[in-house]
Each structure stands twice: as structure tokens, then as C-alpha cells.
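The structures come next, written out as C-alpha cells.
Heads up, the next two complexes both have subunit A, just with different partners, subunit B and then subunit C.
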Partner chain A sequence: MTAFAAQRQAFRLAAAELGMASAAWVTVEACADAAGDAAVAELRDALGRDWPVLDAVCAGWLQGARRPRPAPGALQAALAGTQRLVIVGHEALWIDALVAALPAPVAGGAPALRLGLVCEGAPLADWDRVLANQAGRVERLGLADFQAWAGPRSSLLTFVYGQGQGTVFVLPPWLRVSGSDVRLQFRQLLGWSVLGLPLQVYPRWLVSAAADTLTELVEDVA
Partner chain B sequence: MNGAGGAAALLLVLAVVAQALWPAWRLQIVLGAAVLSCVGAALGGVAEAPAVLAAVPWNVLVILVALGLFTERLAATRVFGIASVAMVRVARARPRALLVLAALGTYGVSSLVNNLTALFVTLPVLLTVFALAGATPRFLSLTLGLMLVACNLGGAATPIGDFPAVLLLGSGAMGFSDYLAAALPPTALAMALMLALVLLRRPAEGMPDTPLAQRLTLATLAALYRGVRVDRRLLGPCLATLVLMMAAWMLLPPALGIGPELVAWAGAALVLAIRPHDGERALKRAVDVEALLFLLALFVMVAVVRETGLFTQFGQALAALPLPPEGQLLVFICAAALLTGLFSAGPSMAALLPVAEQLAVRFEPDVVYVGLALAVCAGSSLFLTAATAGPLMQSLVDRAALRGPAGERLQFGFREYLRMGLLGFVVILAVAVARTLWRLA
Partner chain C sequence: MPPPHHRHGHPPHHPHPPHHPPGPGARPIPASRLLGFVDEAELSRSLASLLPDEGDRRFVVRCLVGEGPVHHRGANYVLLSLLQRLLARQPGLVADASHGLPVPMRLPPHLAAAAEPDADEGHYPLRLPTRALDALAGGDAERRAAMVDCLTDGPPQHALANVLMVAMLDALLGAPAAGPGA
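Our next item is the complex of A and B:
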């Protein structure tokens, strides 16, 4: 068994729980630490075709890109007036950064911005573990009940992995929450661009959505 | 054998067999059989329902519920999950070290909490490591099989580890300290033997064990648990309560009237009160009603059989066997192990304890009771279906959807466990027999 044969399964699990971009950066960094850039190139050859985000990160790494430090400032500005944020899709690096940037709630009081994560679309994910990483700041939601958070001070957010002509590449659950019936119930539908690297192979696992389903696309500017 | 006793015993055996054959209907089967048993006892003039219900060891049920709630709060601190991650780091994700630490860790955890909880808190981390690092079918079977046996051994090591030991504690058959002193060494010995025998089979052969695979596994695991922290504000009071409970179990004189069930109840009440909101939710959702009703039904049927005097007759029949006393006790221990293998620990222990009480009159009580606990532990380890935690482990492995080196789906079921089960059965039973002979010598 080669190391990368085992990694096919490993990356699937990591992507389910961390998000594809976050998992890709963790994997590529560890790979480069252990065996250098040659191993990153080998990883790309072995898994890149199956995992386009990992492919993009491997290619970026080999060209000098390094793990991004997500800057949630632009997103926070876009969230002005929002009290409840429903997050569709999971990217650990970016959600960690957002949670860290928010003011800590006063003891016993409600936070100024409640965060809810739609825990669907990744059968391998241990959602209890995913949420345990956020020290209670992120609440569990499902596709069946996320609309309970709807209202004029509520926003929807998803992660965007790339853009085409009038389209954005997002995770499939986004299509299930961004329909015309739902979008009227929320203040805005935000996209947070997380990859910043071109997708070079067919974007498997992602879906193409019309860019105008998003009220605003927030670029992650470090 | 008297007629009423025979009918009640037959009903008990039929119910136990039927629930093993149709596990999806086990509760209805045993509860229905318990009602029939009670009605039969009343109509047959054996005993009326109040007498049967009065003979149910309610204190055992109280201990089980209280320890279940205590365990739920302890698990909520995430201490076991974090400890499991630390274990993987200590092992540096090397397969052989991982196997050893996983087995020893499971033994330790299941000696404190019930077997189901022990697996719930330790197995997810290990399955994650298998998914990250990859595993051969052989390594998976040996590691998980050994963990299951370790779970049974840990459960038998202390009086609060699992149902058979709790039953001994609750029934007053043995005190906390006496059981701990008598059962811990043989279970630790059996654990060491099992570990040595499994390591001799070179379980890690064919496993990916390169620095790159280890680095990737550890980095991903660290990311998965990057923000998971032990809830110290809950853990501190939980551990303090555990120390108090153990001190009370060991030191309070029986004349005081504060039995082990009251200590367990008070301990559970204390940890539930630390966070009243979560405590109330645990009370409403975390009590294992299925296990409780199952055991209640078994206790009712056993109580009816006891009222008929059949267990006394069994004890006398055992004493009449043309064997020396040691031989009679060994026959009982071996029969208990086999019965447990077939019918699982709960039914076997509930039915065999009254017979053990007969034997305890003729032998040192600890020889009989610890021999019985070890025999039940051996039987629990025989088949995947006999172990309390076996089906849970099977479903957790299924859910993890692990793949082998060639991309094949990895399974852990009855067949994969069988060889380890036979080994565990033989080793634990051998230790039980050896201890019994040593104590009788």
C-alpha cells in the first residue's frame, strides 16, 4: 500500500470535516513537511484528478503559494445589521477565523451574531466533533430547520471555490437553500471566496450556480 | 425438578433463546415472557405478583441508572476523546504502538464506565486514525477484536465497570474493595496475556508505516481536534465526585445502612446538579430505558424461578455431581462461560447468581463470585453477539465506511471477530480456572 493510496480515504474524511480547501492546505503542508515538494507533486498526481480543490492547492504550493490566513473583515462589514448567520458548507480555517474575530458574548448573554451551521451533505463527517471545535459559538442546523433562523436580520453564507462566466462553484447543499422561495426570507445571501487559486481540473464535488444567486461575493483579502 | 419450577425455567430459557434469535423484538419478547411468568406464578400458587416484584434487585437497577448518568456527564467533559487523541500522538500513529495503547486505554476506560460508553468515547478516534492512515483487514480485525476483549476485561476489573460486577456489588454478594482486590489482578493478567498473544501474530504486517503516512495522519488528526478542549469546569467536580463515591463504597460500614446503590445515586445527583440544565436533559434522554426494561424483565423471570426453589435444587444437583468440590465449581464456571457465550452477559448473570449463592455457602465467596464474573467475561468475549458492546462496535465500523489497501470495504462482523473471540474466551477462562484452583489450593 503506498502512502497516497491510503490518502484517498484520508482526504475524503478530512474534506468532509474540515472542508475541501482547509483539508487541502493541511494535507499539502504535512506532505511538504515530511517529504518535500516532490511529495506534493506526487500527491497531486495521485489525488488531484479526484479532488480539484486539492489539485489547485498542490499546484499553488508548487508555485510558491502558502496556507492563507483568512481575513474576515470584509465579511464582517457585509454582515452589518445581521444577527443570525446560517452557514451552508464548512471550511474550518475560515469559520475559525470568523469566530475568532467576533466579540465574545457576555457571560450568560446572547451573542451579537448567532452562527448556525447546516450540518448536511458530508456523510463521513462527525458533526459533533466539528461543532466541538467551536466552543459552543456555532449551533447545529439542518436542511429541515434552517429556515427557523430566517428573518430580516438573518443572512445565508456559503463558500465559493471558483468563478466562471456568470457562475460560481459552490457546494451542492447551496442549491437546496438558495431557491427563490428561501432567498426572500433572508436579508442577504453571501458567498465567501476561499480558494484564490484557479481550478485546473473538472470541479468534481462542486456545483455551478448562477453568480446572481449571491447578493454579494466577499473576497478573502489577507 | 418440580413442575412449576420447570415451567418457569423453561419460559426463561425460551425467552432468552427467542430474544437472541430475534433481537429486533427482544424487549417485547422478554417483557411478554415476564408477564406470563408472573401470571403463571400467581395462578400456580408459587408467588403473587407483589412478592415477585419485591424479589427484584431494585438496587442493582438504581446503580445501573445512576452509573449510566454519571458516565454520561463524565463523557460530556470530552476527556476520553482528548485522551484518545493524546494516545495516538504518543503512539506517533505507528500501528503496533497504537494497537497496544488502544487495548490498554480501552481496558482502563471500561473499568470506570460501562462498556458501551467506553467504546463510544474511544472508538471514534481510532476509526478516524484507520481512515487517515489506512488499515489492512487483518490489523483492523485484530485491533478491534482486542479492544472488545479489553472492554469486557476492564468491565470485569472493577465493581462499577459493567453489569455482572454491578450485580455482585448491588446484591451484596461482594463489597467494593473485596471485589476490586480479587478481580483486578486476574483481569490485568488476562489482558497482558491477550496482548502478548496478539503481538506474537505480528498484527502490523503490511500496514503503511512510513514517516509520511504518520505525519499526514497526525497533522489531520490535530486539525480535526484543533479546538476541542476538555471541559475542566465539569471534569473537576466529576472526578471529585468519583473519588468520593469510591471512598464511600470502600469505607462506609454496612451497619450505617448506606449501601452502594445510595452512594451511586447520590454521586449521580451531585454531578447532574453541577449544570442543572444539562443534568435535566441527561435525565430525560440519557437513561438507557431499553437496558433497564430488559433487565427488569429478566429479574422478574429469575425471581419467579427462585420462588419455585429450582435454583436451590440446581445447587444441590451440582453438589451431588460425582466430582471433588473443586471439580463441581469448575463445572459451574465453565458452564457459566458457555451459557454467556450463547445468551450474553445480562441473562446469564441474572440466572446464574442465585446458583452461585448456593455454592458460596460451601466455598470462599470471592472464589465463587469472581470465578463467575470472569466466566461471564470469557463468555461475553466468545462471540460478537455475546459482548455487550459487540453490535455497537460493528455498527460504528460500518458507519465509518473504511477502505482497505485495495480499496475494498473493510468489515468487522461476526466472522472477523470469531478468531479473536475464541482466543479471548480460552485465555480468560483459563485465567478464571487457574485462579479458582489457586484459591482452593
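Our next item is the complex of A and C:
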């Protein structure tokens, strides 16, 4: 295996298990720490066309952007009244921040906000390993059973990587769960904007969905 | 003064739509303007006593007029608004959708079977009052059950509008009849 192929495979696994934005920030930081900005530029040239979120993060880094500190306050405000949150797509940095901001469940009691992750759409991901990172705080759901969490106190959440005119760039599983049969079974359909950097290459891996598939787009602002 | 009558097939020379459709199959109001009369905020205000929780109300209003085929959304708005006006004529009369039968979401059967019948989750945040339905069914439990089935089955645009309309009618029909001197 060539170094390039290994690099590509490594990033693909990281993106599957951490999420594309989370993996991109971790990788770019490690790259810059090890070999400076020139290596970040090289990384962008090598993988950017295949990984548009990584491309955007590399470009942002070279222009002075640094890893965001996810701020779940606005999301928590939007979740008022929600008791079960179905998360579609995975971004470790943002889910970690949300979990850390929530009150810890009382021993033996149910948490005020249950979190479920729809474990679909990333064939390389070892979902047991992904969920193990959350120490039981995030429950496993699939496309076949996430509607078991439907209800007036249940919300859907996905991550948004960019916006166009009337569109948002999201992960493909969002299209599978936001259909007309499902969207009126959940209190709200939230997008959490995580990238905040312009996508400069064709956003493969992502899909363009109508912005009104979301009832609210939450910006990640501190 | 009433507007001049326009014969079928002859469009008016002013920009206002005619009062009568110009012909079979014609759609005088473009779909993009069809819901111009729908005031979601007003509808939400009018449903505040039926759905006191703001988040629940936002959710139900989205189901009623925010999504789905435009003609259902418009019709829901018209019928609920008219019934609300009727209710408002009787001060003190308040419709109630907090008691009655649960209104289930139409989940895939394998998931619906696992849902608890009286749990909040898996059900819409309102209930179907049954007093008026009991009277209409004449005490026949199967008839009433069939009525409930018809009212709550199908897409939420229908089911939730049906439940709210029954709640309003239930209140209206339960009010003392106004006599000639009332």
C-alpha cells in the first residue's frame, strides 16, 4: 500500500467513526503539529478533492481558522421540551460537547434527555466502538427502529455542513429519515451547523437537501 | 358594488381573480399564492387553550398548515378558524382536547405494536373528546369505535384537524342551547 493510499484509508476510517468535520480538525491539527502549514497544504492537495469537509478545514486552517469549540447552548435552548433526541449523522466533537453540557443522570434514573444515534451511513464505522466512547449516554438506533422514539417530546437532529440558496448540505441518512411519513411524528427537525467554513469543492459524501426539511437551523455559536 | 360578471373563458382585464372559476379544470389562484390567507400565528393563538404547551402547539400547527398538500392545509385553516369564531360567540365556552382517547401516530406496525397505548410518546399531544361521538353513536360502542377510527386514521393533516374540530364541536354541542330570550 502506498503512503497516499494508507493516508486515504486512515482518514476514511477517522471520518466514519468521528464524523467528517471532527476528523478533519483532528487530522489537520496533528498534521500541522508534526510538519507545519506546508504539510496541511500537502494534505489538502492529496485528499481535498475526495473529502470536501477536510478540504474546507485545510483551507480554513491556512487562512487562520482554528478548531471550533462546539457550543451547545443554542441547541439546548432549541431542545426545550424535548425528552428524546434522535441524532442522524455523527460528529464526535459536537456530540461530546452536548453530552458534557447536559446534566448527569441521577444514578439509576433515566436522563432528562435521552440521546439516540442512528447508526447508518458509514460502512467502515464500528458502531460499538463509536458508542463505547459515550459511556452508555448515547443509545443505538437504526433506520428500522428509530421511529420507536417518535413522539411530541422527541426531536430529530442532524449536522449541517453548509448552506446554499434554500438548501443545506447534510449526510445522506438525513434524506432517509426526514420523509413525509416521519417528519410529522417528531416535535421538530433540527440542523446543527458545524462547519462554518465555505465548501470549495463538490461536496461528495454529502447531499443537498431542501432547507425546509429542517424546522430550525441552529448555529454553533459560543 | 358587486364586481362585473365575467363569462367563462373570458379573463378579466384587471389583475384581481374572478369570483367564479373561469372554466372546468382552470385554477385561477396559482399554488404559490393559494395559502396567502393562512395566518399560522393567528391559528396558533386561537389554539392556545386547546394546546397550552407552546412546543406542542408549534408541532401541531406545523402538522395542520405547515406541511402536506396545500389544499388540506388551506382547508384546515378555514374550518378551524370558522369553528373558533363560532366558539368565541359564547363567552366562557372553551374547547378541551386534554381528555378523551389518545391519538396515535401512524408508526410502522412492528413499532406501533410495541408502543404503550397510553404513553405520551408515539401519540400526538392532544386527545379526542368522546361526548359528542357517544351521543352520535347512540350508545353503540362499535359505531363509536368506527367513528374514532375514521377520525384518527390517515395522515396527520387529517387526523389532527379532525380531532381539533371534534373538540370544538364537542364543546359547542355540550353548551346549553340558546333559547329565544337568550
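Keep this in mind: the second predicted complex is superposed on the first by the 217 of 222 C-alpha atoms of A that agree within 3 Å, B and C clash if a C-alpha of one lies under 4 Å from a C-alpha of the other, contacts with A are read in each partner's own complex, and residues count from 1 in each chain.
Keep in mind that, in the parts below, a contact is a pair of C-beta atoms (placed from the backbone, for glycine too) under 8 Å apart; a residue touches a chain by one contact, two chains touch by 3 or more.
Computed from a prediction, not measured in an experiment: that's the story for all the values here.
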*subunit A as common anchor, with subunit B and subunit C clashing or fitting*: fit
_Which of subunit B and subunit C A:Gly36 touches, first, second, both or neither_ = neither
*asked:* With both complexes superposed on chain A, which partner does A:Ser154 reach: first (subunit B), second (subunit C), both or neither?
replied: second
*Determine, under the contact definition given at the top, whether A:Gln185 touches first (subunit B), second (subunit C), both, or neither.*
second
*Touching partner for A:Asp145 - first (subunit B), second (subunit C), both, neither*: second
*asked:* Looking at A:Thr27 after the superposition, I want to know if it touches subunit B, subunit C, both of them or none. Which is it: first, second, both, neither?
replied: first
*Based on the superposed arrangement, let me know which partner A:Thr215 touches: subunit B (first), subunit C (second), both, or neither?*
second
_Looking at A:Gln134 after the superposition, I want to know if it touches subunit B, subunit C, both of them or none. Which is it: first, second, both, neither?_
first
*From the CA centre of subunit A, what is the angle out to the CA centres of subunit B and subunit C, nearest 10°?*
120
*asked:* On the A-aligned overlay, A:Gly164 touches which partner chain: subunit B = first, subunit C = second, or both, or neither?
replied: neither
*Count the residues of subunit A touched by subunit B and by subunit C, then name the partner with the higher count.*
B
*Report, in whole Å, the shortest distance between any C-alpha atom of subunit B and any C-alpha atom of subunit C after the two complexes are superposed.*
21
*Using the superposition on A, tell me which residues of subunit A are in contact with subunit B and, in the other complex, with subunit C.*
none
_Residues of subunit A that touch subunit C when the two form their complex_ = 80-84, 145, 147-154, 180-181, 183-185, 187-188, 215
*Could you pull out which subunit A residues touch subunit B in their complex?*
1-3, 5-10, 12-14, 17-18, 22-23, 26-27, 29-31, 33-35, 39, 92, 96, 123-124, 126, 129, 132-135
*asked:* For a test of understanding, state which residues of subunit B touch subunit A in their complex under the given definition.
replied: 78, 81, 124, 128, 131-134, 136, 206-208, 210-213, 215-220, 223-229, 400-403, 405, 407
*In their shared complex, at which residues does subunit C touch subunit A?*
53, 55-56, 58-59, 62-63, 67-68, 105-108, 111, 114-115, 120-125, 155-157
